[in-house]
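Data first, discussion second: the structure below is written as structure tokens.
All chains are identified by letter, namely A, B, C and D, in their written order; residue positions are counted from 1 within each chain.
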Amino acid sequence: MRETFTKSMARNIYYGGAVFFFLLFLALTYDTHQVLPSGDNHEAINEVVALGKKVWEENDCIGCHTLLGEGAYFAPELGNVYTRFGESTDAIKLFIKSRPAKGVPGRRSMPQFNLTDEELEAIAQFLKYVDGIKTARDWPPNIQG
Amino acid sequence: MDTERTKPLPGDFAIWIFIFAELMVFGVLFIAYAVTRSLHREEFAYYQQFLDRETGALNTLLLITSSYFVVKAVLAIKQDKVQQCVNGLGLALLCGCGFLVAKTLEFSDKFSAGIRLSTNTFYMFYLSLTFFHFMHVILGMVILAAILFKARAGAYNHREHTGVETGASYWHMVDLVWIILFPLVYIIR
Amino acid sequence: MKYQSQLVAKNYFIAAILLFTGQILFGLIMGLQYVVGDFLFPEIPFNVARMVHTNLLIVWLLFAFMGAAYFLVPEESERELYAPWLATLMFWIFLIAGALTVIGYLLFTYSDLAALTRNELFPTMGREFLEQPTITKIGIVIVALAFIFNIGMTVLTGRKTVISLVLLTGLVGLAVFFLFSFYNPDNLVLDKYYWWWVVHLWVEGVWELILGSILAFVLIKVTGVDREVIEKWLYIIIAMTLITGIIGTGHHYFWIGTPDYWQWLGSVFSAMEPIPFFMMTLFAFNMVNKRRREHPNKAAVLWALGTAVMAFLGAGVWGFLHTLAPVNFYTHGTQITAAHGHMAFYGAYVMISLTIISYAMPIMRGRTANGEKAQVLEMWSFWLMTIAMVFITLFLTAAGILQVYLQRFTEDPVPFMVAQQKIEIFYWLREFTGLVFLIGLVLYIYSFFVKEENVAA
Amino acid sequence: MDHSVSTRLHHSVNTWAHQQTRAKRIWFALMFLTVFVYTCGRFGFSSQWFVILVLASSLLKGYWIIAEYMGLRQVARKWRWLVQGWLVLVIVLIVIIHQL
């Protein structure tokens, strides 16, 4: 006996399945929005942190580093760098400020971005805010990121 | 009877690919639930107390009955009894509506108690499993309704009724999944 | 070639291959920077090289997709392209805008580029893969709209086939989800949440529709199998793609501050994501086995089969390897991700682009297939590039496993840079394999210039 | 020819009535099992045996739905085994995990 297998049914499954699962995705997105405020550390976002995010973006930090695991894998994870640097924004600022303009011979090195003091403070505060985001199982797995 | 064991799957083969995929998703979710439950026995047993078994049992009866009506509809159309087929599908839809009403009451009860997906692991599973199934009931009903209208327009007869069988197969899958879901989440502690 | 306007695709394909070459060269620069840290520093720091590498990839794939659409839609719709002049115009606009952006990356410090393009008015820059200045993003949207208008009018006023409709929905989805690249809230969690609506819903969603329809088109042409059969399988495969892939987005919502239930939903649904790729492999081999004609373009058949296999390996198997939340906890954001990314992009999107180019280019140059010599060369390039990519993936996987162990798994985890030094050997191996890949690519380009007599017309 | 058509018609009507009755019986059985298990639960059985009973009844119900309602009884064996295999696998795994 021959199977019935029609194109129109295949099409219905394509459209029906896509709409069904997209609606489900929207419902889950809605729920995520409801829950986020309890762990996304939004209360820490102020003008300085917002500026910090701009500094982060306009220097393309994600092109070398990961932030909460996303980005490039060339340089250390920064989602927990605030903790790694002994919960000190000063240490972060000092690190960024002290990068040699010509790099370190033979080694990977971070460019000297010549940030202003305001920008330095902002990026440090931004990284502190990111460290405060409550990730599942407290990711990254350990202090080394 | 044994000579008939060579029939193809009832309905359109495409729906069966979908059914197999759905069964796989539900199967994995069931196992995930069982494993997590065995890791958090006390928590699960505690919150399971608050589930409404009566509505759950009623819903089982409703789904079984609606499946029965769908079977009757398929049998009817094979004898060109269009009106009987339409009636069967209509009654099945009615049972489906009953399921949706009962389930909506149950959900609203839980939501008004402030229970969300993120409340705890148990409610996460309870809500995702039952809500995922709830959406399947709606999808199944949309399919049945479409078939009902087509049947009423005279699109099916004893020779051509693949559409009815296709919808029926999907609806039985929705029933089948509930048959496991209900005891797993509501009964077993 | 049935319709004169299909010829507009030619420019798109040529540009695609040129940009592909650029992508590979910058890939080699980055690969070297992994081991010789100060290579080209500070002139081309790693982040710039990476930006060029990934952006060129995206742009050349878009060129290839557009070329594919301009080539196959007239043939499917059985009419000339709605507005061939618009296609040519958009080609130059896109090419110039793309080139300017890349030159901008290379000539200016990124922050200067941001200031120059007035990023502060509408900040969208500096997020992975979406580094383009806002003005470029707007340009992309305009080009995409003009392109979709052109294709849409051709499809809707001509014969509507499953292939052209699926392609059209894929392209519309591509444009729609790109709009989320303009949403950039201060809240990092939300930023990341919707960033994935561009990235994931592109590569594990709508792009697969484009991939599927191009593959189906080529299979119909080279195997002569009944369109009806191919089209219903196309529907089923892309249905499975979306059924698994949409909620599968959840595998990106494990560790970015989103609720815990994503760990379950993301794991379960993305564990199913290999299924459509597996079906695609079965489908391609089945169709080729059932072929009703021997198409003289053996190279195109090889690319088509290669796509099916490598997409399954790269996107399916390597994706599955680290998609379950308990595994991903350790592997997230390591070289394992890089390994998967390389093979998945090559297997799925690079190879489908080369498939359609391999099929269409000889036709646009006035013959059904290239001559024997050119095809042999092209097949050599297929094997060189594909095997090189397999080894790049294997070396990166090895590097990733060691990295995970040293940096995340042991009792006494070492810092990132220390771990990187210990896995240097794999980066060297990857770099040499990258050179092999480049040789493959050079052969591929050379195969276009082979002069031959007695070519099948 | 007339003769053969009428026998076939007769035969099919017969099977039809037969199938009707069969569907109804299955329905009764499914309803009964559900109510029975539910009542057992009401009376407070909650031992390991009750769990086995519940899952066994699910197995039986699932079997009937697959074989009779979905109609896989008459279908090529591979398909039937695929679906019933899913049912058995899921329930057996649930039992095993529950016993752990």
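Going forward, a residue touches a chain if its C-beta (ideal position, glycine included) is under 8 Å from a C-beta of that chain, and two chains touch if they have at least 3 such contacts.
Treat the numbers as computed from the prediction; the structure is a model and nothing was measured.
K.L.:
By count of C-beta pairs in contact, what is the leading chain pair?
P.N.:
Chains joined by the most C-beta contact pairs: A-C.
K.L.:
Where the centres are mean C-alpha positions, what is the separation of chain B from chain C, in Å?
P.N.:
Once rounded, the distance between the two centres reads 39 Å.
K.L.:
Taking the mean of the C-alpha atoms as each chain's centre, how many Å separate chain A from chain D?
P.N.:
Each chain reduced to its C-alpha mean, chain A and chain D end up 51 Å apart.
K.L.:
Please compute the C-alpha centroid of chain A, do the same for chain C, then give the distance between them in whole Å.
P.N.:
That pair's centroid distance is 23 Å.
K.L.:
Could you list which residues of chain A touch at least two other chains?
P.N.:
5-6, 10, 13, 17, 20, 24, 31, 35 - these are the residues of chain A that touch more than one other chain.
K.L.:
Which positions in chain C touch two or more other chains at once?
P.N.:
Residues 232, 235-236, 239, 243, 259-261, 265 of chain C each touch two or more of the other chains.
K.L.:
Residues of chain D touching 2+ other chains?
P.N.:
none
K.L.:
How is the touch graph of the chains shaped: line, ring, star, complete or other?
P.N.:
Per interface graph, the chains form some other shape.
K.L.:
Where do chains touch, given as pairs?
P.N.:
Applying the touch criterion to every chain pair yields A-B, A-C, B-C, B-D.
K.L.:
Please give the residue numbers of chain C that touch chain A in the complex, ascending.
P.N.:
These residues of chain C touch chain A: 30, 33-34, 36-38, 41-42, 45-48, 50-51, 110-111, 114-115, 119-120, 123, 125-128, 131, 162, 184, 186-190, 192-193, 228, 231-233, 235-236, 238-239, 242-243, 246-247, 249-250, 253-263, 265, 329-330, 332-335, 337-338, 407-409, 413-417, 419-420.
K.L.:
For chain D, which residues are in contact with chain B within the complex?
P.N.:
Residue positions touching the partner: 13, 16, 19-20, 23-24, 26-27, 30-31, 34-35, 37-38, 41, 46, 51, 54-55, 57-58, 61-62, 65-66, 68-77, 79, 82-83, 86-87, 89-91, 93-94, 97-98, 100.
K.L.:
Under the definition above, what is the set of chain B residues touching chain D in their complex?
P.N.:
1, 4-10, 16, 20, 23-24, 27, 30-31, 34-35, 37-38, 53, 57, 60-61, 64-65, 67-68, 70-72, 74-75, 78-79, 165, 168-169, 172-173, 175-176, 179-180, 183-184, 187-189
K.L.:
For the complex, give me every residue of chain A touching chain B.
P.N.:
1-6, 9-10, 12-13, 16-17, 20, 23-24, 27, 31, 34-35, 38
K.L.:
Would you pull the chain B residues touching chain C in the complex into a rising list?
P.N.:
14, 17-18, 21, 24-25, 28-29, 32, 117-118, 121, 124-125, 128
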